[in-house]
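Same chain, two partners: chain A is paired with chain B first, then with chain C.
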Partner chain A sequence: MSSVVSRGTRAPSLRLAIIFTTLVIAVAMSSLWGLSVGAFPLSFQVVINSLLDLDGPQQTYMVMVSRLPRLVLALLCGAALAISGVIIQGIVRNPLASPKIIGINSGAAFAVCLLLALLPQVALVHMPLIAALGGALAAFLVLVGAQFRGVSPLRLALVGVAVGMLFDSGVDFYLVANHSPEQAAPMVWLTGSLWARSWEHVDAVWALLCVLIIVGYGLTHQLDLIGLGDDMATSLGQRVALTRLLLLGIATLLASISVGVVGVLGFVGLMAPHMAAQLVGGRARVQLPCAALLGMLLVILADAVGRAIAPPIEVSAGVLTALFGAPFFVLLMLKNRGDLQQ
Partner chain B sequence: MARASIKLLVLLGALLATAVLSLHVGGRADVGISQFFSLLSNSGERTLQELVMLDIRMPRTVVAILTGINLAIAGVILQAITRNALASPSILGINQGAALGMTLAVLLPSVFVVGVEAMAIIGALLAGTLTFGFSGGFRGSIRPLPLVLSGVAVGAFSFAMVRFTFTLDDEVARDVILWTTGDISGVRWHDTTALSLWAFGGILAAMLIAHKLNLLAMGEAAAQGVGADPRKTLLIGAVIAAGLTGVSVATAGPMAFVGLVVPHLCRIVVGADHRRLLPAAAVGGAVLLLFADGLSKLVVAPEEVPVGVIAALIGAPYFVYQALFSKELDL
Partner chain C sequence: MSIQLHNVTAGYDGFKLSPISLELERGSLCALIGPNGCGKSTLLKTIARVLQPLSGEITVGGLNSKTCGSKALARTLSFQPQHPVVPPAITVEQLVGYGRAPHQSLFGIASKADKEAVQAAMAQVGLSAFADRRLSALSGGQRQRAFIAMSLAQEAPYILLDEPTAFLDVKYQFETLDLLQHLHDLGRTCIVVLHDIAQAARYADDLVIMREGQVYAQGAPKDVVSEEMLHNVYGVNAQIYADPESGTPALSPRVKRAEAQKPLSLAAE
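This part shows the complex of A and B:
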């Protein structure tokens, strides 16, 4: 099953260095671009002046208050989704698995809707927690369901799709059953938009996400061992069930907290890990940071392109990731058809 | 035979009961089923309540019935020609493809001149073909998982396109969500023409190929053995299913799960013979949507919820159950 993710291949370190440097530069450049495009385009000069508080023309309010927080969120959530994808693909040993396919995104979105329906005045800081609970519930349902029927990766994907659709119909219900349009319209961010995200949202999640990302990186060795198969991992001294649970917990939290702040950015958690595996190979210690950078890049670009395409209208980043992600998913499926039909 | 007629009676009784429910409830509490009867007997000056019944309630109930019939028949046909228990318009992305075709026709009428319904049908056909092709359908047998995953991908892509197109046009995000969840609160009598023609033609055509569908269920090789051309059946079936789905989506928006749940439940009741399954599914689809329509007017009264959301809330748990317990999937 892990033929695409050929673990254990080692890319030469010079090549690695070049790839990582290029990616970091690409992320930086597209961040700068993301800060400059939108309903009111700014020149790079103005953006840099405002960021670094240099002399010359500045647009401090627009850059620092309106665009910088959504950039920071794009970076954090892109990385979180990508890492979540790497971990999930590793532990279920299924190249098609991703936070979306196993239902985490939908569960988190549903929980946020439920919270807003029951307690409309709830403080923003509780949002990530509730989202995480919903994501965990979905992941739990999917895993227990699949376990119950004997762990076949195919059954897992199928149950995941079904559970995801179940929660999605709940989200739809909330969105349309909401009486006042004023209350429901802002909920459109649930479909994956960084629109109107502020420093409050950043404050609510950055610490949590950073800790999770670091812990996730710390567990890459265990992830590699699990990729070898349960028997092998056990004989190498791993407590497989426990490690898998821990990793899955981290992946669930990463994905669902992102959903809690920016909505469902579909397919990022699927695309980034695969691109990373193509670039640097499947060893988790290098694949994970590479995927994180790619995830950042994807989300920043989706957000920036969505704003640049027809200002002043914004196309949701989630729409764009789905437009590119769905064909990617199909390609991946065609490539793995042999595995799926066995 | 006695048992068969009891089943028929039960189905028709359910149809009658849900039709009464759908007609009786609604935004105006002073309009109820009594207006329906007074309309029949009274030919003179009509009261306001009677007009509400005639121009708002009744077309809506008729659309619910017809959409239910169309989607259920489409589901039966799709399950037969793909020989796959999970096939249905929404899961194969056909619903979403029809929505995309329709969106393009609405927003760019000068480019896509063939009309809204035709575009919805073309979109449905295209999406179905893509899903079928991606899952390896043109190269032999189709396994359930690739079929579902292809459908999810094609559906996600089409829906992203729909939302993309709408965002570019205007800030109508909530309206888009409303429409994409299957809202029939605004339908009038003129919306029922195309639906009823397709429903009638669809049932007729499906009944004509019912025997062929039975043969197909035995496997393509067996079907060929008794002289049927499976590819012809497949093609005809696909066109009927796409047409039925497309015309329903054009009127009522994409409704999820009706085409999955109804054929399954009816198969449990009347068995797998398509000559009986098709009429049963037609009635069953109408019952499900009438019931959902009644509920959609009741759950958050006096507000209304799109009937498609209610149908999805009924259908999604069934899909989960199916994914967990179905033995036919042999995963």
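This part shows the complex of A and C:
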């Protein structure tokens, strides 16, 4: 009996170990590449020496002050968006859902635009907090709108799309009404960019994001139970409404804080959870960390590729994630056609 | 120790149960039957507290359903909805493992006892060899057994199932009912919503017959299944005969000649 049990479980866990090790190495390698590309290309040797403070002051400055903070933000926000996506897909029980579909991204973006319209000189560092408020407002509206007859996942998604569009129109209005050269920075920010991010931004968000990521991981078992349906989760002793609210809150904060610091990086919250489900299965406890690594990878690569295409010009990371993400979304829909029709 | 309902009403817009008082014995295999829309699912969900009762008292094995904690209730009573959500890409063992949730902390970390309960539950339904199979790769009958194994792993003395035989081939229907019989023999109390009167009479030792949100009759199949009941509850004209093997009531419709001939003559053309 015991030999049967161990044979049954060893192979998958070996597979998991290989997948996670590969992903960690991929994240490390692409980080190194991300630190080396840009207007002034550096060799890997120089990058590593700079990290260890062995190189000249100019290179060290470029790596430590200019490129490392944006790498750290790419790692944090990539993970945050991916985890937010896993949670939202789990709550809504739809593989095509993402933070965007619940209107969170739009709410966050709108709040930042509103802030810029009212206080044009405000420092970028305050954006994450304001964005979190905007995202939370959007999530709250969606919940209120969906709650009239008890939250059904479909209703949540439909109201989410409506609320998202409402906030998007606000963002568009801001952009049209403030069409001047000095407004270029928010425009770049809106397209999802890590341009000109500094340690100041990292300081503003890292602790909060880390706490949210850890709490999110702690709740993966509850997320799995919700995946069995409300009735089943209830009969397994879960307080479904409360748990869903908690999870939605975490997903909202993760996504909107990311929007506040790097803008809208479209499709990361959709792609990463999906690729993770393909690789390691749909159990949140394993899927969530895998998606987090994939999210990091996607954002680092999008940022690095954007700088490598035509230096010194930077293509926004958000443009690239959307460029990859749109066809991915269509593929996903074709693949899920059977499920969606049911 | 049994399940007791005292003047319970429940329902949603447009449908309400009339006040129901009922006692379901511990250790019985009880079937809830009745025509579509008579409230049997509503009653089952209310007992499981998936649906909040509007009034009345429910006690489950000594627990007051209104005041007891959700985990305490889940350790006493397990409920399988009619259409369980089948999460994509999870294995049988993982699904059965979720049945341990009421015995675990928030984080769902499996103890040795949890793992043993999961293995035992899979063995009882004959799915041990399928532990690493994904649910999506199973037949309808196997999937049903996996969900029942999940209820078993929950180690609750009361198991409530809402139409576990719906949408299954007759082979899997019998397989599922045999499994319930087996669980009953092992001492679990099973309360099952069923559609087929003869199947319910064949397997259950206690029948609760419902009509229009009320309990029409409760008792042993031989005592409550009658031609009069079929007429009053289902509005059908059928005759009852004893099942040749078990002696339990089975039924056959009294077909009017004119109606019976129509399809025959069509088939002949």
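Just so it is clear, the second predicted complex is superposed on the first by the 294 of 342 C-alpha atoms of A that agree within 3 Å, B and C clash if a C-alpha of one lies under 4 Å from a C-alpha of the other, contacts with A are read in each partner's own complex, and residues count from 1 in each chain.
We take it that a contact is a pair of C-beta atoms (placed from the backbone, for glycine too) under 8 Å apart; a residue touches a chain by one contact, two chains touch by 3 or more.
Quick caveat: nothing in here was measured; it's all calculated off a predicted structure.
Peer 1: In the overlay, answer first, second, both or neither for which of chain B and chain C A:13 touches.
Peer 2: Neither partner.
Peer 1: For A:96, using the defined touch cut-off, is the partner it touches chain B, chain C, both, or neither? Pick first, second, both or neither.
Peer 2: first
Peer 1: According to the stated criteria, A:121 is in contact with first (chain B), second (chain C), both, or neither; which is it?
Peer 2: Neither partner.
Peer 1: Is A:282 in contact with chain B, with chain C, with both, or with neither (first, second, both, neither)?
Peer 2: In the superposition, A:282 contacts chain C only.
Peer 1: Name the chain, either chain B or chain C, that contacts more residues of chain A.
Peer 2: B
Peer 1: I'd like to know which partner A:227 touches here: chain B for first, chain C for second, both or neither.
Peer 2: Second partner only, chain C.
Peer 1: Residues of chain A touching chain C in their complex?
Peer 2: Chain A reaches chain C through residues 4-5, 8-9, 12, 93, 95, 218-219, 221-222, 224-225, 227-232, 234-239, 277, 281-283, 285, 339.
Peer 1: Please give the residue numbers of chain B that touch chain A in the complex, ascending.
Peer 2: Touch residues, chain B against chain A: 134, 136, 143-146, 148-150, 152-154, 156-157, 159-161, 163-164, 167-168, 171, 173-174, 177-178, 181, 183, 256, 299-300, 303, 305-306, 309, 312-313, 315-317, 319-320, 322-325, 329, 331.
Peer 1: How about chain C: which of its residues touch chain A in the complex?
Peer 2: Answer in residue numbers: 45, 48-50, 69-75, 77-81, 84-85, 87-91, 93-94, 98-99, 101-102, 104, 106-108, 119, 128, 131-132, 134, 154.
Peer 1: List the residues on chain A that touch chain B in their complex, please.
Peer 2: Touch list, chain A to chain B: 96, 145, 148-149, 152, 154-155, 157-159, 161-163, 165-166, 168-170, 172-173, 175-177, 179, 181, 184-185, 188, 191, 266-267, 309-310, 313-316, 318-320, 322-323, 325-327, 329-330, 333-334, 337, 340-341.
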